[in-house]
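Following are the structures in question.
Both of the next two complexes hold subunit A, though its partner changes from subunit B to subunit C.
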Partner chain A sequence: MPVAQIEFSGELMDFIEEWKEKPGNLIMLLHRIQEEFGYIPREAAEKLSRIIGLPLAKIYGVITFYHFFKTTKPGKHRISICLGTACYLRGSQDLLDETQSILNIKGDEITDDGLFSIDAVRCLGCCGLAPVLMIDNEIYGKVVKEQLPEIIAKYRSN
Partner chain B sequence: MVNAKINGIPVQVAEGTTVLEAALKVDVKIPKLCHNDDLEPWAACGICVVKNGTNPKMIRSCCTPLEEGMAIVTNDAELVQTRKTVIELILSTHPDDCLACPRNQECELQRLAAEFGIREQPFPKRLRDLPLDDSTGSLILNPEKCIRCGRCVKVCQEMQNVWAIEFLGRGEKTRIAPAADVKLGEGPCIKCGQCSAHCPVGAIYENDQTGPVWEALMKEGADAKTCVVQIAPAVRVALGEAFGLPPGTNLTKKIYTALRRLGFDMIFDTNFAADLTIMEEGTEFVRRFVDGGKSEGGPLPLITSCCPAWVDYLEKYYGDMIPNFSTAKSPQQMMGTMIKTYWAEKAKIDPAKIFSVSIMPCTAKKFENHRNDTMYASGFQDVDVSLTTRELARMIKQAGIDLLNLPDGESDSPLGPYSGAGVIFGATGGVMEAALRTAYNLITGEDLKDVNFTGVRGISGIKEASVHIKGTEVRVAVAHQMGNIAQVLDMVRKAKAEGKETPWHFIEVMACRGGCIGGGGQPYGATDEVRKQRIRGIYDDDEKSEYRCSHQNPLIKQVYAEFLEKPGSHKAHELLHTHYTARDLYLK
Partner chain C sequence: MAYKNYILVCGGTGCESSKSDELFKALHQQAEAQGVKNDVQIVKTGCFGFCEKGPIVKVLPQESFYVEVKPEDAKEIVAEQVVKGREVKRLLYRKGEKADSNVKIEDIEFYQKQFRVVLRNCGVINPENIDEYIAREGYTGLERALFKMKPDDIVNELKVSGLRGRGGAGFPTWLKWDLTKKAPGDVKYVVCNADEGDPGAYMNRSTIEGDPHSLIEAMIICGYTIGARQGYIYIRAEYPLAIERLKIAIRQAKEYGLLGTNILGSGFDFDLEIRLGAGAFVCGEETALLRSLEGNRGMPVPKPPFPAISGLWKKPTVINNVETYVNISVIMSKGAQWYAKIGTEKSRGTKTFALTGKIQNSGLVEVPMGTTLREIIFDIGGGIRGGKKFKGVQTGGPSGGIITAESLDQPISYESLTALGSMMGSGGMIIMDEDDCVVDIAKFYMAFCVDESCGKCAPCRIGTNQMHAILDKISKGQGTEDDLAKLEKIGKAMTKASLCMLGGSAANPTLSTLRHFREEYLEHIRDHKCRAGKCKDLVVYEIDAAKCIGCGLCARKCPVPCIAGEKKQPHVIDQARCIKCGECYKACKFGAVIKK
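Let's look at the complex of A and B:
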């Protein structure tokens, strides 16, 4: 295989083994792979394709359909900014623009130091706190763009 | 049976018949775009909407079965307006450069726009800036023209089981592309071109190579080369469709004349090379068969290898079965080699000064002519350019040749005259039948009284037959349309793994539905009805042939006597055989 080999952890292999034969397993498996690598590396998709006997084209059809699945490596810290209705109405687009400008990245890019990437997401499940952003698993509510440099700075050191 | 009315006309159809199909029975043509007779309906475009009775709801006729008592309305002001809007929306993301489009005048979208009298484009243009993919050398994928009807994806995945392309992305950003956005030539694509034959617009089309051919034909002076051409079996029964003739019309002799008028110096016929393939492959089969596939002859079953898309598929998907693959080259390549060796020698022409063109029903032939080192057996690229039937039609039109009124012509000797066995290579089952006709002779030393092996003919996806040659049973299978192959080969694999006897001794595979007559480079609009008519044309040619078996062709005897010694000889192996390499599905 010209594509570089990739190692799956024992837990991931067990998980795949458990779900291998079940119909509709693909999304479960992709979730689990993304959990392991932070995204779905091409090599991992190929390996999965071989294990479950599903054409790579089909897998990519699914990966690229859902925004949740990433095909590029995210930053060490993933900043999710909600563009759902409530957050959007409360100005989350400004938060997104400002964050992009602070970090000087767009779309799927990651910062040169590999620390940050930004995802525009649909809902983080806490609309009462709109506008909301999340870094890694930490939620920040009622954010105004002036707070952003300070929030981001917390993650620069680790 | 179901009884209903369509536009007030009573109709009775079998249960499960769609509204679209039922309407055709009473001469009502419902406009459609994404639907194609080769594929299950999937309701992507919305052009074929109709209504039932007074219900204002619109239903898609392509995927709705006609039900008892329905009163279908196919045409009212609202339906027409809806269809028109759908067309306008599609046009809003489609370029307007029809004049310079490879599908100009053969485009289903263009035709619909004309029929619906589209005069303005009310929606702002939102064209997509996506790069052209010409990486296969056979096919060109232009995502800018894609209307996302999905036919190519269905064809590639369901009919062909190749999975070279898929819908990537979603919504407005949906595009047709290979997995992981690799280039088409870096993935599983086998170049069969069925995507191009089914695409309604100019989003996937054959790589037009008429340019270099024109250049060679026009060249004068010291640089001029002797231009030699061969035409494949399936071309002759389909070319006429591009000139308004019914499918299956055999134009062999008019094509010979047309090629001469285009400026070719020598006209040879791939059918002759098909006879040669049979001599080599038949000999190979008999060698394997008589010792039960155990010795150096190679294992059984023997699997045919004249289809280059199938060769590519086997190398990628069934690399473990390469020893079963016939090493005999395809007729195109045998002819190419013979032209630049045997004929060049005979005509006293330096092979470096020969320009060799093939006319093929196939896009994969463009890839085959440089597939590996054996395609240069003469010391030069044996076949310089492979053109599809569609490209030949364009050349004839450009040159102002009135094809239909041309006088009949003849091919040139010695690589022209062919047997009936040579011509049937163009149809599914034909290679098998031709091989059996000669294998019988090779095994028994006698000729068959009845050369017709009807069990291997016809359009069903997998055909099996058992033939008795002087008390010995030969079990054969024929599969066409790549999606049908797995069933056959997986049974062979299984038998092999379990140490059981092979279910068949000889297997013929062709990548396209109906065989080469349904090739990806043939005139547009193939349906099973069209394929059957083309097949009819092929077998008619066989039936009226003076010789029905390859080994009876006097010119075949001549080339062995003068040049190749005997079938399977060392020289024949050097020139007429090839080898295969197991490959990865993805190169990058």
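Let's look at the complex of A and C:
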């Protein structure tokens, strides 16, 4: 099997170097890789497996156990809609349905232009502002579904 | 006081999302531009708790309490208050309807019944500056521990304080520490559970964001007591701000010789490391958390052995919740006698709650144990939004149960909440009103547990799925009365036979709603009716011809569209095509659209 190629940045390599010998480091390393690529590409997992000498199966076992880790590439803008209890009670399921229908995508899909993907998440920690959604790192609180087209439009142009 | 004014800006996640950071910068710019830079100190603090009205700004010494402040308001605050010494009336919190310039924090209903021990520094100090923590008796508890007390004295101090674990189960903290201290072995660990997985609960996050040193101090004390040299804080990756503040606090503590080797010259060494969770609710369970810390899939293991004997890397380990630790810092500085006076006989101290859902004032509150639910929900929380009727309150999140109106006068304690069929949990308190459907809520929580079950044990893996399927059927009007008995049977089996308390408590929301609201379940089954109108398959929208004036608003709002009618004539909904989105119901100004 040909060895897959993927570049790791200098900072990422430094981080791996720093954590390589620490016990129980795998989750921290995966977080750092996801920070770099936005998800965990298979090639990156393979490369990590070689660097730290851990079987790929074990790495995938961990990746797939945790909701936070993604194995598919997300859209350029990630829309996270909170389905935590506080937001659910204040109508966030409607926000999710409406956003899916505006963008015409479901689940892990990304829009054809690669601009958007949607994550249903649990509690963004701003329950006082429920219902809440987050695009990239910007939080929108007390959102009503009528605002969605306008909010999404802001991200279409860039 | 060197400064004329101090402006405290809330820097909690909630307020930062409503642009408190921009506001903070704008205030700085304005102070500079208006030439009063040296008259005012502007500080970014942790959460004030009153999240509903954020961003919050407090100005000292006048104690002006401003709510919903925008970056654009910075200019006026500086020009009026700092330059001219006048309050900005329009931003002041209003009690009732009329503007009242003299509403001080202690006059605000939201704060009146609160008593802040855990949150004592939140919204008061700058969490990114260790000196401010030290100025408020910070690290005096550690000093006392290291130089005036032996490990056994500390255990005894905790025993006298009566402190019990705040992560949910209420296990006596002194006993946990004592067991770990006595467990054989040279290498031991201190772990903090900051996984806070209950969706809709954010007490731990706000505490760390507002007062990170308080956690660090107690973990060092724990290390000294049990003989550990390494500690880990396991925190949700979804809490970037809290993680950042912890990193800063750990760095500062190292610079001050409070972490590292030979702490304060005592000869004791202790270090702390942050480890991130990765979005798995089960990792809040202590044995699963420890597996995750070891870099594995976070699956629980049977107890015993308890972590006190065999924990992280099979070494004796103390694992406590964030709030438990923060209480310890206070106990060690103010003394156990002082602490033991707060709360009830068996549940001492205070408890923080995240008040959310259909409540008027969402936010973070802290009350002495023994406060009643009514005081929390109606006095502090301001009651239900929009004048709706209270239906119930869920404590303990997906592991807890619903508590109804007749129990509102119960004083809160570990025992009382358990007796009511719920549990203390970590402090999520979710308020529901008449528009919430118990079947829908039970289904919501069960879907959560299906998702979060780690799959290791069959009762939880299969039971949650089966219960969810039945609840789904009922919500669609396809349930039978037998199904209710089945829910109870599977629920009981899961409760008894699951490996950990995730499965062991997953049936609670269903069983408790069944107990209190059986009639509503039966309505779904027999009458195919959801009185709250939440179960979409059961709702029917109709137009009352007598009330409809034919304005056509509903027809324009309908996304299908399936509403027809001549202008000024009653309209009709085509039931076959209706998708039950409820837009017409919301749009009609004449109450002509009825929901059945």
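Definition applied: the second predicted complex is superposed on the first by the 156 of 158 C-alpha atoms of A that agree within 3 Å, B and C clash if a C-alpha of one lies under 4 Å from a C-alpha of the other, contacts with A are read in each partner's own complex, and residues count from 1 in each chain.
Throughout what follows, a residue touches a chain if its C-beta (ideal position, glycine included) is under 8 Å from a C-beta of that chain, and two chains touch if they have at least 3 such contacts.
This structure is a prediction, so every number in the text was calculated from the model and none was measured.
Visitor: With the two structures laid over each other on chain A, which partner does A:139 touch: subunit B (first), subunit C (second), both, or neither?
Guide: Touch status of A:139: second partner only.
Visitor: Considering only touches as defined above, state whether A:78 meets subunit B (first), subunit C (second), both or neither.
Guide: Neither partner.
Visitor: With both complexes overlaid on chain A, does A:47 touch subunit B (first), subunit C (second), both or neither?
Guide: In the superposition, A:47 touches no partner, neither subunit B nor subunit C.
Visitor: Looking at A:55 after the superposition, I want to know if it touches subunit B, subunit C, both of them or none. Which is it: first, second, both, neither?
Guide: A:55: touches subunit B, not subunit C.
Visitor: Contact-wise, after the overlay, does A:70 reach subunit B, subunit C, both or neither (first, second, both, neither)?
Guide: After superposing on A, A:70 lies clear of both subunit B and subunit C.
Visitor: Where on subunit A do the contacts from subunit B and from subunit C line up?
Guide: 61, 65
Visitor: Help me check something: in the complex, which residues belonging to subunit B touch subunit A?
Guide: Its residues touching subunit A are 157, 163-170, 178-180, 187-188, 584-588.
Visitor: In the complex of these two chains, what residues of subunit C are touching subunit A?
Guide: 13-14, 16-18, 51-52, 54, 198-202, 205, 237-239, 275-280, 292-298, 313, 354, 356-358, 362-363, 394, 397, 428, 430, 432, 436, 444-445, 448, 454
Visitor: Applying the document's contact rule, which stretches of subunit A touch subunit B when the two form their complex?
Guide: That would be residues 1-3, 42, 45-46, 55-61, 64-65, 71 of subunit A.
Visitor: Okay, in this complex, where on subunit A does subunit C touch?
Guide: Against subunit C, the touching part of subunit A is residues 23-28, 30-31, 61-62, 65-69, 83-90, 121-130, 132, 139-141.
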